[in-house]
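Here the chain labels run A, B and C in written order, and each chain numbers its own residues starting at 1.
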Amino acid sequence: MDHFPGTHWGKPRNDNIDAYGTYPLHAHQPRTDAFADGVQRTQQPVVTGASVLALKYKDGIMMAADNLASYGSLARFKDIQRASGDMADFQQLKHILDTLLIEQFVQDDGHKFGPTEIYEYLSRLMYGRRSKMDPLWNSLLVGGFKDGKSFLGYVDLLGTTYSAPTLRNWVWRYIAQPLLRKSVEGREDTLTEEEAVKILEGCMKVLFYRDARSLNKYQIAAVTEKGIWISDSRSVETEWAFAEGIRGYGAQTQ
Amino acid sequence: MELNGGSVVAMVGKNCVAIASDLRLGNQALTIATNFEKTFPITDRIIIGLPGLATDVITLKERFRYRVNMYTIKEGREIEPETFAHLVSSTLYERRFGPFFVEPVIAGLTKPSEGSVPFIAGTDLIGCLTLPKDFVVSGTASDKLFGMAESLWEPDLGPEELFETISQTLMNAVDRDAFSGWGAVVHVITPDKVITRTLKGRMD
Amino acid sequence: MSPISQPTSVAFNPYAENGGTILAIAGLDFAVVAGDTRQSEGYSIQTRYAPKVFRLTDKATLAVNGFAADGNIFVKTVKQRLEWYRHAHAKDMPLRAIARLIQTMLYAKRFFPYYVYNILGGIEEDGSGAVYSFDPVGSYEREACRAAGAASSLIQPFLDNQIYFKNQVAVSGTSHPKHLPILDVLSLVTDSFTSATERHIEVGDGLEIYVIVASGRSLTELSSIAGIEEVTGSASATDRVFVIRRELKKD
């Protein structure tokens, strides 16, 4: 169907002999610069970061992440983020958040972002970028504690959001989520800090045993009324003696 | 399955079973015939429903007739519903890598000396049997039939109540399916007779 | 396969399908809008509680189903437009106007649609219960009942049968009721969802039923329902909104 019959006086269009034609329109979009062909949007994550587990307990929220690709967090205000996916996208995300928090700081108007505000901002940012078909290739867990209330939320590269008593991202869902749900669901208000640590340790141990891409070196972080606490890197005791007699495990003796 | 369309449902009642099919035969969206029954009697107490590719429906109907006749001659007795279900299963599995495109439903009563116990079964196109306690659905309207049957069926329905339940289940399901409909045929098998009724339905 | 494998990339897919089912039924002077609370992607349950039904005004509730991120953003935008309307006109937007607003908003994104099925339920200006259902690009119609989402094909024929009395013949000399009593409607809603939960893996966990009641209608039937909660927004509202929460199977 020719939508622009008036532009060529009834003569069939030929782009080879009519360089100034503007039809079809999409074929004549102006190039922004000489490198326009080289510009790529994130199509798949390049350097991937660690996965994260999170749960709610009596005093707030607790997260665990292994140190395989990265660690460190935005230790600002009473909330922390851990992200998995493309590291470059994650660093840009951190930069955007930093800028936002600095802007808020210089305003000095008495308003402070809590976890819910950060979460809302991040989910809008992620959804906005997916709508431009230029997503930030991450899944984020936002946990925090403000005004006596704990908060745990998830947002991914599509802008999909949800909250639940236990969260995790990427492949860990298949291993760790059932363990977390079993020990946490329905007990969010009674779990003590010691119990929460124990649950996460249990999960990290199973993950180390069963997930080839995990590392027996991880950190635990908690957000409570008192603020943020991040542990030093730690390991779990593992037991490999059983592997001796199993072909395919441990050293090959047969 | 969407080439010719068609749906079948079977339900268990109190000392009775029912099986019903729609009557449409189509060539994709075009309706070819409106009297194509997909249920076939096997014995006086067993009926099989064969929704799916019409050419395979006819082939299998004949093949089951042949195999059941051979069974009757060799064994000198009528085949039991459960035995027949396994016969269907193995017949389909013979064609594991070039299957018949049908998903059979079997309904029957065991012989009177064994108490005329209701039996229903369904298989997929390569003969994987399911033996539910309540109902079996199959064909292009199977998801609609699941929704209807799951909400209308209840245990221990008598022949007339079972007839109403299976009829409402089938009619309302096929009315939401473009590939099934144009009326239905319903059989209720009781220890002493088979009640067969043809239902009029929406013609669109 | 060539010995040197080329790097391949799959185009980014901006949509996901998050399961769940919604349902709405209109009565003479009330409307019921319900949805399950499970949110899933593939075989994974993301959360057991993500509401799909939202109170917009004291006479309108909106249920959204499909791609959850689109759904949430869409509800937020509708709420924002309704607030602007309130500031401009000092009253709530009437239901039929909300319906048209939703159609315009959906069609505005005709070539990058909100992947969301909407069902709007509430009370019209004449006090009648109403349900409007939409497709993702804005086609809409007013109906007496509608199911949408993952298990819509399981529920809709059941509603045809039980609400519209399809394939049922009334006893001679009588006729089928045009509108059902509120308690009958609520039983049909719970039955629909328990059946859908039984047979569809993406449906379950919890059920939220919003009931919007026209002004002047007796509330005695509602008060007999266990755990019913009023969520009417303003104290001066004449129409009232209630919510009933029920558990569904979690497997």
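Observations
One rule holds in what follows: a residue touches a chain if its C-beta (ideal position, glycine included) is under 8 Å from a C-beta of that chain, and two chains touch if they have at least 3 such contacts.
Since the structure is predicted, the reported quantities are computational estimates derived from the model, not experimental observations.
Contacts with chain A and chain B are shared by C. Of all chains, B has its CA centroid at the greatest distance from the CA centroid of chain C.
Ranked by how close its mean Cα position lies to the mean of all protein Cα atoms, the top chain is C.
Between the CA-based centres of chain A and chain B the separation comes to 51 Å, rounded to the whole angstrom. For the pair chain B and chain C, the distance between C-alpha centroids works out to 36 Å. The distance from the centre of chain A to the centre of chain C, with each centre set as the mean of the Cα atoms, comes to 30 Å.
Chain C has no residue in contact with two or more other chains.
Multi-chain contact residues of chain B, defined as those touching 2 or more other chains: none present.
By the touch rule above, chain A contacts chain C in their complex via residues 41-44, 127, 130-131, 133, 135, 154, 158-164, 173-174, 177. Of all residues in chain B, those touching chain C in their complex are 143-144, 146-148, 150-152, 167-168, 171-173, 175-176, 201.
Partner chain A is touched in their complex by these residues of chain C: 9-12, 14-16, 18, 39, 41, 44, 46-50, 67-69, 72-73, 112.
Residue ranges on chain C touching chain B, taken from their complex, read 151, 153-158, 160-161, 166-168, 191-192, 195-196, 198-199.
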